[in-house]
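Heads up, there are several structures right after this.
Next come two complexes, and both contain chain A; in the first it sits with chain B, in the second with chain C.
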Partner chain A sequence: MDATPPSRLFALRGSDQRAELMLGALVFGVLAVVAAMLVFVFQEAWPSFSHNGLHWFGSGGSVDRQIEAIFTSGDLKRRPVYTFHAWPLLWSTLLITGLAVLIAFVSSLFVAVFIVEFAPDWMRAVLEPVVRLLASVPSVIYGLLGVLVVVPFIGNHLISEHSKASVAYIVSLSGYSLLAAVVILTVMIAPIMIAVFVNGLRAVPRSWLEGSLALGINEWRTFWKIGVRTARPVLVAGTVLGVARALGEAIMLAMVSGSVGFAPNPGDGLIFFVEPSRPLAATILQNAEELASPPMRHTLFAIAAVLLFSAAMLSFTGWVVKQPMKRYGVRA
Partner chain B sequence: MELTPPPVRRLPLDPAPGRGDADGHRPGAPLDGARRRRAPSSGFATDRMQVEDVSIAYGRKLAVDRVSLPIRQGEVLALIGPSGCGKTTLLRSLNRLTELTSTASFKGSITLDGADITRLEPTALRRRVTMVFQQPNPFPMSVFDNIAYVLREQAARRPKRAALNRRVREVLAHAGLLDEVEHDLRHPALRLSGGQQQRLCIARALAADPEVLLLDEPCSALDPQSTQVIEDLIVKLREQVAVVIVTHNLQQAYRIADYVAFMYLGELVEYGSATQVFGAPREQRTREYVSGAFG
Partner chain C sequence: MSAPATAPAPRSPEPTVRRDHASAAWRLRDRIGLGFAWLLGLLFCAITSAIVIYLLVQGIKYVRPELFVTHPAAGFSERETGGFLDPLVGTFLVGLMAMGIALPLGLAIGVWLSEFGRPFPLARMAESTIEMIAGTPSIVLALFGTLIFQSPALGFLSRSVGGLVFGRSFFAAATVLSFVALPLVVASVREGLQAIPGHVREASYAVGKTKATTTRRILLPAARPSVITGALLGFGRVIGDTAIIVILLGATLRFDGVGSTPVLSTLRGTGGTLTTYIFQNAPTGEGNQPAKAYAAAFVLLMLVLVLNVGADVVGRKGKALRWS
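Our next item is the complex of A and B:
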């Protein structure tokens, strides 16, 4: 025992040492791959950003026509064109992600509270596996459901001829819309959020809940003020996961969003919700075959870089939001 | 260290609660070392609750077997007995917390000021009969919010900030905690010491002016000093609320209780004044228990 250095419980020998070396190498390898990927993406994206400057994020002209011009210039080996104003795509991403996450958060929270605290045992036994199953359904299946069910429903029942005519000069309304995208995306991300929320709420110590009940505060208020409050860091973590999935979702959104580089205009009233658009990730997906054209490739990588950066910012924001919650002793 | 005399008979022992008894009492030693901390009660005790022929079972296991006793304001009632004798279950049934366990079944009747408690709204009952648990369980909030939470939730309308401030301080002072936390009421409650946390829990239980205060081994996780502070507090409280305390610690029961109920295997073996139960127990089992022969 005396020979053991104080900092280590056991001296590393033989297989321990090998295991530590291998794990270390593995971690280093993973970090190196991540770093290389970041460098590669931003390097490829640079020409698009440097030509457009901050206008890249602005609006101006039809983004679809710009994409076409970028592609043709490279395809025909002309002078490369880079002009690209991504605002309609950014706006579409913000709208779809924001609305879906907002709705999913509220409904997931209530469902999770119900599952953990109020559902009878048999219902809990049914609900939990169903939620887990829903969380693992591939997005293309949600996309199909959208195309076959939600989009036709919106097109046939929610859009009148009159509203179609009122915006016909600029965009055609067919059911492929913001609404369809938001509805299906909500259904897609809610199960993930519910699963995470349930775990978090279940980890709240019973003694705190019991302490509150023993003071004559009813079950609902107790669970809301003690349970949900304590689980806030987990709610943040689950929401970050949901936003991440929503941001990165390409296939389903390409199928139902309408795939038009159009910025839905809130000024149009209720028609706003049935206007088509196309978010960033879906734009990459739909133009992925055109990577052979160098300016097109740089433009698509620029979009990818924006998505990567948003994802990183998202994790960071989640971390920042959790910090003040730790002060009173709640754990993530 | 002197040798403990060999025990007369050994029944399964309670696990010693953590750091030992409040004043280092050895099992088997006589109670003479324990000084009665309390002044004699005023003698104006009034009946608040009446436990009548109560049996409680978890599934098929009978935890409390036909127990009857009165609970009076102006006196401290201590429930003593070895682990698993049903004293905590009996205590929890007084504000219907046993109902949170789905397998629990209840027979008999408990009344509060003559009204059957099963006819009362559980939340209303639990505001009048509040409980402090064995492990301090302050909420993960600030000291201030721990009290304010109860006041806000129990108020019919949202209390004004100034009124809330005043009341929180009053309650903390009542539980003898104000001096220690006054400089920083925003301090996280979970970072207080164990004794302070438990006093905060008592303060919280007192916040809404309960009529009966239930304490489930409130000192078993605490050091001797905190224990003494809490015992003094309990004795002080007995004129304003009816106090029922479950304890493993015979010295503690001797120091603070006016009346003692000894339970064994779910039965109420003996109920009487503390002087009688400790000084001249009527039952053989009580005599063995209080002399430290078992548990």
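Our next item is the complex of A and C:
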């Protein structure tokens, strides 16, 4: 990689320069497309943000009714309406992503430690390909399982008629819920995190672990204190991947989350977990038919801009955290 | 170490073989931790096998050979709604088109990043940009795609009525989907190229080959398994995407061509893939034919499984190649 090509033959160097220029131009083209995406998305989003200011992120009124008003005002004869308070959608996204990532992180860490260090060989030989397969199962399949298995189970067995009746005048509890979304999302992102964690834990220098074992410290403590601690950057990188996947998940969450612009209220007690909601990405998907109405388009692009900004911040975090890991020659 | 709660296991004088954990001698906390790891590991196995077995059972129950050759139709019962020929063809069509863009582009970027990478800031930026694309939600990419393909200049790629461009076609969907596959392809290509030691390049330069020739004749053939792995994984990612298909392909049941040229009309028109077919036939969708959805999900899962196994086999072959 570091070798320099012969530079005496100028005729040959010409072809190299051409190749370098062509490839470089392609790379530059892709960069330009991504830059254009950032510019266009934020430009299209601007009217929605500028009309609402910081209230865009606040709460107030029914978000579904606001969306309807925005859409119908797209008619040329009317003044466009932009009032939009996205808090229920944001809250739903934060809740679903946060809970799912939290559960997935803890269990993925234990499963990864198990796979790398403690599982019998035959089990490891089975588990590793399975993890990779699960990580690449399309989200719509998870969504289908959620709708046909998890949601009816929650609706029929976990919600009593009494609790359904107690909130019937605000929101209907049918099984499409925070709980279903979190469960399915956890199952969906855990394999992604496990795959990254396993790679990172395996790259921990063997001699470090053996040094600790030689001091008489047992395997569990050795692996926990040295292996996991060394692999911390990889843990963050894997978590970032999981969060990115969870934030952008539209299809599966549109199917199981209930698709109501409702902010689940932790004050409701246990009912909180079975209340429906709708995260940001699913909102874009469900209103994508209405892009032709200009105020609606600006509003949807504003949601997309929020997602894009979070994704950019996440990948920046991942990049920063990954730097120390390069020392060990690990790329996660 | 403090005395364990239970009777300490006798320590053998020889160094024990690894994985032969004498965990009875550990502290309680460590044993609980180990037990928890076992529990979660087994739970993971249980959930995984439950998902796979459930889908297998449902798939075998509902998959019929005629589903693969019948066009889908709108209807209210299992009898009326036909099969999923169009979505199946659409899946391959959109996947191949997207990879047709993503593979050359990914190869070029991977080669440039690994072999040239100058000026340095541009390489850094390219790296982070590719990672950002990988983290960008596909629904955001889809919205960006509507901006591009609804512009009048690109009206010839989709249906347009009186100057209003719909921006929904196989061209639009495949172009945007290629961005979904791009990070995977680039990562595999780079990994393959970086696994080739420097002396191989030096040997090629020493016999007077240029960098371009070396790359084309020596490095890329040697990295072929990684390239194929990346292509397969990218293909799997593309056919698993739903949001972009819904927004940029229209997610119609049948192909709805534009114009009269046989192939081009389909590519300019709307259509659907297996993912959107499942989405629409789930109880939350417009079709609501769960049996059909299960059958399609089974087929899609098998496709992804085949792609994964293929990538594994090719990848293992690549690792067998050793440079001494």
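Annotations for the structure displayed:
Just so it is clear, the second predicted complex is superposed on the first by the 299 of 332 C-alpha atoms of A that agree within 3 Å, B and C clash if a C-alpha of one lies under 4 Å from a C-alpha of the other, contacts with A are read in each partner's own complex, and residues count from 1 in each chain.
Quick note on the criterion: contacts are C-beta pairs under 8 Å (C-beta built on N, C-alpha and C of every residue); 3 or more make two chains touch, one makes a residue touch a chain.
These numbers were taken from a predicted model, which means no experiment stands behind them.
Residue contacts after overlaying the shared chain place A:Thr230 against chain B, while chain C stays out of touching range. Shared-chain residue A:Asn218: touches chain B and chain C both.
In the superposed pair of complexes, A:Ala32 makes contact with neither chain B nor chain C.
When the two structures are aligned on the shared chain, A:Ala125 is found in touch with neither chain B nor chain C.
Looking at the superposition, the partner that touches the larger set of chain A residues, chain B or chain C, turns out to be C.
After overlaying the two complexes on the shared chain, residue contacts for A:Ser207 are found with chain B alone; chain C is out of touch. Contacts of A:Leu134 after superposition: chain C is touched, whereas chain B is not reached.
Overlap of the chain B and chain C interfaces on chain A comprises residues 216, 218, 221. Of all the residues in chain A, the ones that touch chain C in their complex are 1-6, 9, 12-13, 15-16, 18-20, 22-24, 26-28, 30-31, 33-34, 37, 40-41, 44, 107, 110-111, 113-115, 118-121, 123, 127, 129-130, 132-134, 136-141, 143-145, 147-149, 187, 190, 194, 216, 218-221, 224, 240-241, 244, 247-251, 254-255, 259, 281, 284-285, 288, 291, 300-301, 304, 307-308, 311-312, 314-316, 318-319, 331.
Those residues of chain B that touch chain A in the complex are listed here as 95, 97, 100, 122-128, 130-131, 133, 135, 137-142, 149-150, 153-154, 188-191, 201, 204-205, 207-208. Only residues 205, 207-208, 210-218, 221, 225-226, 229-230, 327-330 of chain A touch chain B when the two sit together in their complex.
Within the complex formed with chain A, the chain C residues making contact are 1, 18-19, 21, 23, 25-27, 30-31, 33-34, 36-38, 40-41, 43-45, 47-48, 51, 54-55, 105, 108-109, 111-116, 118, 122, 125-126, 128-144, 146-147, 179, 182, 191, 194, 198, 201-202, 205, 208, 210-215, 233, 236-237, 239-243, 246-247, 275, 278-279, 282-284, 290, 293-294, 297, 300-301, 304-305, 307-309, 312.
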